[in-house]
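First chain written, first letter: the chains are A, B, C, D and E, and each begins at residue 1.
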């Protein structure tokens, strides 16, 4: 049994995710699209909070909403003039896209539903078992089992590479 | 209110919206002609995946935090990807003065 | 390793390749080619003598001069060599044809590259004949095939690109089946210690292949080699390929390379899988029987000299495979004799055609005539080659054909009277008919090309053979006549293989099935 | 926290040191010593990177000889003799690529991003190392992304060429899409198994279900993308064509080789247990499609780079035959195949690059009559084609033969059918490889490429690759030592 | 007997062939002729000596029987089990006879050719050396054939004579008619040889031997070096073989009939005779040697060689011998009728040859032990001998005429009896001999043949007598047309025909003498089927009847052809169709032309060649073009649009996953 509040919260979040996703890919104004993406990302962050991963929710908002979407907006402003509408889609293209998306959805959803072991109720956990900041920090620096020191180091290299790559590509000369 | 009384959050309730989000991303990627819009669709897809990991982690195996950490790193990767992609797209825009993916079909067959 | 004489059949050509790379002018290139081929002839003759001597001293192993050196240990791949009479006959044949071929291409363009490829080809051929390891055998087989592409493509005439491509692809198509078959054989051999082996001798002696697998592997290997043996309906590379190839290549290809097919069919397909060979022989008997008459009939209406000869090769090589499928000592001996005979004779033919073409610049028999008057030497050689082809006694063709016919007939009639079906008998008689058809097309060519009035007045100014051409043809004619006059020497050499211990084991299997 | 565990990652650390040295040189050396077109600048950074990498390669060999299998970071990272060997094989390839690219890097267009080329290249290689050694999917994903994101930047390196940018866009978009699909599959796997450690997933004793298979399919698609397995290959041709040739050759051999190995590890260690052999059947279908469609496309190509792209698609199918065999012998055969493929393909790319650097021509028609003007280049190209086509006595024949032998080890009829299809496809591939030979040797026209003297580095690379093509197969030591390595567990 | 002497007989011509063939062009024509002729002369002397030793030394008679004696027998090629092809030298009555005949005629021809092979000014024909080389080759092959110890040796030399015949017919190789004639001769005989070969194969299968002595089972013992025959084995083999049936006939009958087919080809029996008239395109001495005296009787010789087998077959109820008779009888009549209408002098002689050989065949065919102890066999050999002499004479005479006149057509001759007296006389002798006028040799041999026929059946006798009459008629028709009638005017610048130089007339004279007196040779003592002397004189009743027939025919010919008169013309209008058909040789050539060109070439070869190029080759090309088409068809996959790439990717992944799930869930 869930509290009514959580039910409402769930419904709102789920609807938000779906609606903003649809809007993000269907709106003809590119800047709006970025905005709807932002909302969808917020909704996702809400899910994280709902499930008790506050740190993750924070990261989601900070990196995605604060970083990536801003990047999008900048680049949109750089490459298109405000008020530009993308032209209407050809129906053929729409159909093709729909076929792909629906097929994907059908196959995955069917396999998810048919697989009962994946469908589980929310396990009731004590506060202690949810990841705390401290624990997350410790795990990130741990080199043992379920320690993430190596990926942490590795991704730094990746980010460095992406910085170099981005600079090389974007450099004028 | 029986329905409400018996209502329990289960994993599917989160998986389906996330899947829906993923498929929206797919649709967008397949149909949008603006490359940045395509990137936006990709972000939706990646985000859906992240959500999947978190949901699975929380519902199925809360003991370890593999999923959460994966999501953490995936967000970083997504950021890096976006950065590089946007750099490349802007670069292409500088050359082609256009951002329509349809025009990038010089090489084919 | 170097103490084994057989290795030198590969080493000498490789040294020749090195020598060619160092050559500065055409004279040196010729010198290398001639010296190398002389060394090879010497080696083959020495091997022949030594082999006979060892047999005379009572060596009764199925193969002599055997040697085996591990190559890829984990896969059981060895560089294993060994020869019996058949291989020696083939080695001698190869040496003679390479010798003659070198002289026939005395004036070729870009001689260094030409001889490089030619020698690479012969390396493959030699390697194939000395190997008793399926892997090395297959490797050398393919080494021998690919130079054909460039040799035809670069130095050929006519639709050379098309023909070269077709030839290469079809032959490689055959070898695709072959590769599958060979790997299959490897995995289905079962040595006493449970391991697999590639070694032919070991497989034939101990590693009995499961019968069910034989039914799959036998057709694979037989067709694989059969493509090179110009088996109907996989022969169509032959007319086009031969027609476009330069002289020495036609010689080597028809003379030696097509023999790889026959040799492989018997050494791998028949030898290692006698049961399947026995049960499935009928399919291939029909195909090869068709080849024999089909090639001959097709040759009757061709107007291009090389096409005539190519179809005639289809017919003759069909007879080789046909005889192999008879599964008896005589017919199989005949098959090897036919390989020798056809190799020499057809090389002679192609050499002559090349020489005639080099003078008249046409191969269309309708545009030539009366060459006997203009170039009597070449014409006479052509007639001799023709007689050899139509099986005139005293030349090699007769010996081979008669051995085959007697062997096949004995087998066929025996089976028929024993109530085991008349297929072999009927097809033997069909094959016999080829001697008439062969006479028809050979005499047609001789009549149109050499005899009668001179067709083209320009031809009157042409000259007869030069010394190197004479040397080339004389070598071949002497060999053809030698086989034709003293056949027992050669059949004796070959027969060992088919009546030796190895073949007895095979035949034993066969009798059980019968 | 046990930082000593990093010491197990000798090769990664070594590579990072090389990277850092180059990076620091780039940062702190005077500008004229890195950028510009004067000799010193040109030589400095290229020589530094190449020599350092050569030293590192040698060091890698020393490691692999002495080191035992080790698993560190809670089983997230593992190194074994086999893994060290494949890394060494890749190092050799990269070294050749570096030597080949020196001439291109000396060009004016490269003046301002010479060092970045090396830096990005080393990082992608680092990513591949991680992919190969990863025993946890997070690390694997990071490796995969490190191996592909910087590559996108490298594809776009050719500033002046429109194709380069088009290729980069296509590459980055499909790569990100692919990684999304890949991670979706991973999320399902995670949902089913509850862990991302390879061994734990394998030990999870999962029930058979559609979800698992769909997840497997997505994972395969994600890795297959990098391998350019059909139908995940469509980016290949465009990217290969558009990218600078050095990058193309790097993509076609190193990236492919590393991914193939990683793919094998994932399939055998993670999915090998599920559904007994469902993954084999899926791979079976992919192999047939890959070989056949790659070949069919390759037939029609007139651009050498695009042609080699499709050829490499088809080659990927052959490499996968080593995976599907799923035994020691086919593992060894696969590694040998990768090695030989590196040499053969790099020989071809070496010739293409030499000609492109000199004349800018990459069309097959420009190669007509090449043997008259540049006989050595033509010869090297021909050997490369023969080796790729699997013609003895060149190395390609041996690798093909071994990979077929390995695949048939199971002895099932399905395998025979698969190998037969592959063999029939070798005929088609022979056809188009011979087309190149035909253009160079048989076509009667005058060649539009005049005789020229290629740069020292290019010649060195060609000598090495041609030597490899000739010797790798015949000298059985190579294969035998690889086999010795693979007889130890992964 | 030493092996050297017989070996020399074989080797000498072979050496001559190699010598003249390889070095001929380095020597003058004259010396080539002299060397060739001398070589043949030596061979002839050796052959005579051998024959003398065989017949008269007494060493080869055991208990009143002439033995078969193997001088040497060398393994040549080992085949199946005991089947070994040997090359050897078998001396027995018929081979000794043949040695004499062949060397004699060959020597005469060698001698004669010295004159014949140059024109009126004494200029030698081109290729004169080659001509002698080929003659030597032929002599070698023919000698090898007759002394064969086994059937395969016979087959080997059989092929060789065919080849040398081919070379000699085509001697004037620039003449298209000669080329096609030689080709025809070779191919027709080759076709017959196919039968021969299969016959040999069957025979060797049933009996397990090639050897004549084993086959004919004449056990002889006591003579040194004699081949000891295991008669029991051979007979058993024969009987088992004879009992096995194949397609309605016993194997043995099949074997013998097929072997006889080979003989039919060589001996130009109908319907395989068509090559012989055309073979007259060769130089006339060649016709005399090969196509009259020696090679064409090889078929008869073959049947004679295997005669005991034929007899056994006959005993067992096989039809082989009857087939020989019927074929011979039909051919004899056919050829005689055709000979009556031909214009070309050599063709008349050619048909006459066919007819005469058919006589020998019939003679063998009717020969039975119960009829005068196989008189037919002896008669056949006798006729072979006499025919060789007088037919060679006729041909050489014809050659002299042709050489003098420059044409084969006797309408160009007429009235030559005064201008060429020697030729006239010798030719007349030949005509009388062939017509069977006492005391010329033909009379005796033909009489014995008719006696043999009479003993067998009255029909055969009447039939053959009729043919004998026809023979006399057409020969004298020829004789009158050439030597009588009104002489043609000699045109300006042409030489008047006259007798030829001694090299040509000497052989004529010698042969005329032989042809006259050969009938008195005590043949019955020398050549019989079993080696026992044959005793029996002339059957005067039959002899006188046949003499009458011959004289009547000659009389008729005299009436019709002695002078130019309308009688022949009237006769011709009496039987217009018969005449036309006979003149056109009953359209056999046209029939063969139809079969070879229309059926074999146009209906078999060309369709096969078309099939090969279009269907088989087309299929192979189709693989290539289908691949190319497929390649073209799927190029849309690579549309260049990244979204379509991704779509394919996506669908690929979904199908891979979903498809596998579907397959597993549906089928497992």
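Quick note on the criterion: a residue touches a chain if its C-beta (ideal position, glycine included) is under 8 Å from a C-beta of that chain, and two chains touch if they have at least 3 such contacts.
These figures come from a predicted structure and were not determined experimentally.
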Keeping to the contact definition above, tell me which chains border both chain A and chain D. B, E
Separation of chain C from chain B in steps, with touching chains one step apart: 2
C-D compared against B-D, more contacting pairs: B-D
Identity of the most central chain, Cα criterion: C
Report the chain whose CA-based centre is farthest from the CA-based centre of chain A. E
Furthest chain, CA centroid comparison against chain D: E
Approximately how many whole Å separate the CA-defined centres of chain D and chain E? 77
Give, as an integer number of Å, the spacing between the C-alpha centres of chain E and chain A. 102
Taking each chain's centre as the mean position of its Cα atoms, how many Å separate chain B from chain E? 97
Between chain C and chain E, the Cα-mean centres are separated in Å by 36
Do you know which chain A residues sit against two or more other chains? 96-97, 100, 104, 107-108, 111-112, 118, 146, 148, 151, 155, 158, 162, 165-167, 169
Multi-partner residues of chain D (each touching 2 or more other chains): 138, 142, 145, 149-150, 152-153, 156, 168-170, 173, 177, 184, 188, 191, 210, 213-214, 237-238, 300, 431
Expected list for chain C, residues touching two or more other chains, is 169
Every chain pair meeting the contact rule: A-B, A-D, A-E, B-D, B-E, C-D, C-E, D-E
Chain B-facing residues of chain D, complex: 137-138, 141-142, 145, 149-150, 152-153, 156, 162-163, 165-170, 172-173, 176-177, 179-180, 183-184, 186-188, 190-191, 194-196, 237-238, 241-242, 300, 306
Of chain B, residues touching chain A in the complex: 4-28, 30-34, 36-37, 39-41, 43-44, 47, 50-51, 54-56, 58-60, 62-66, 68-69, 71-73, 75-84, 86-91, 93, 99
Parts of chain B lying in touch with chain E, wherever the complex brings them together: 26, 29-31, 38, 101-102, 104-109
Residue numbers of chain E touching chain C in their complex, please. 75-80, 83, 85, 152, 155-157, 159-160, 163, 166, 170, 173-176, 179-180, 182-183, 186-187, 190-191, 193-194, 197-198, 201-202, 204-205, 244, 246, 600-601, 604-606, 608-609, 612, 616-617, 619-621, 624
Considering the complex alone, what residue numbers of chain E touch chain B? 635, 638-643, 646-647, 650
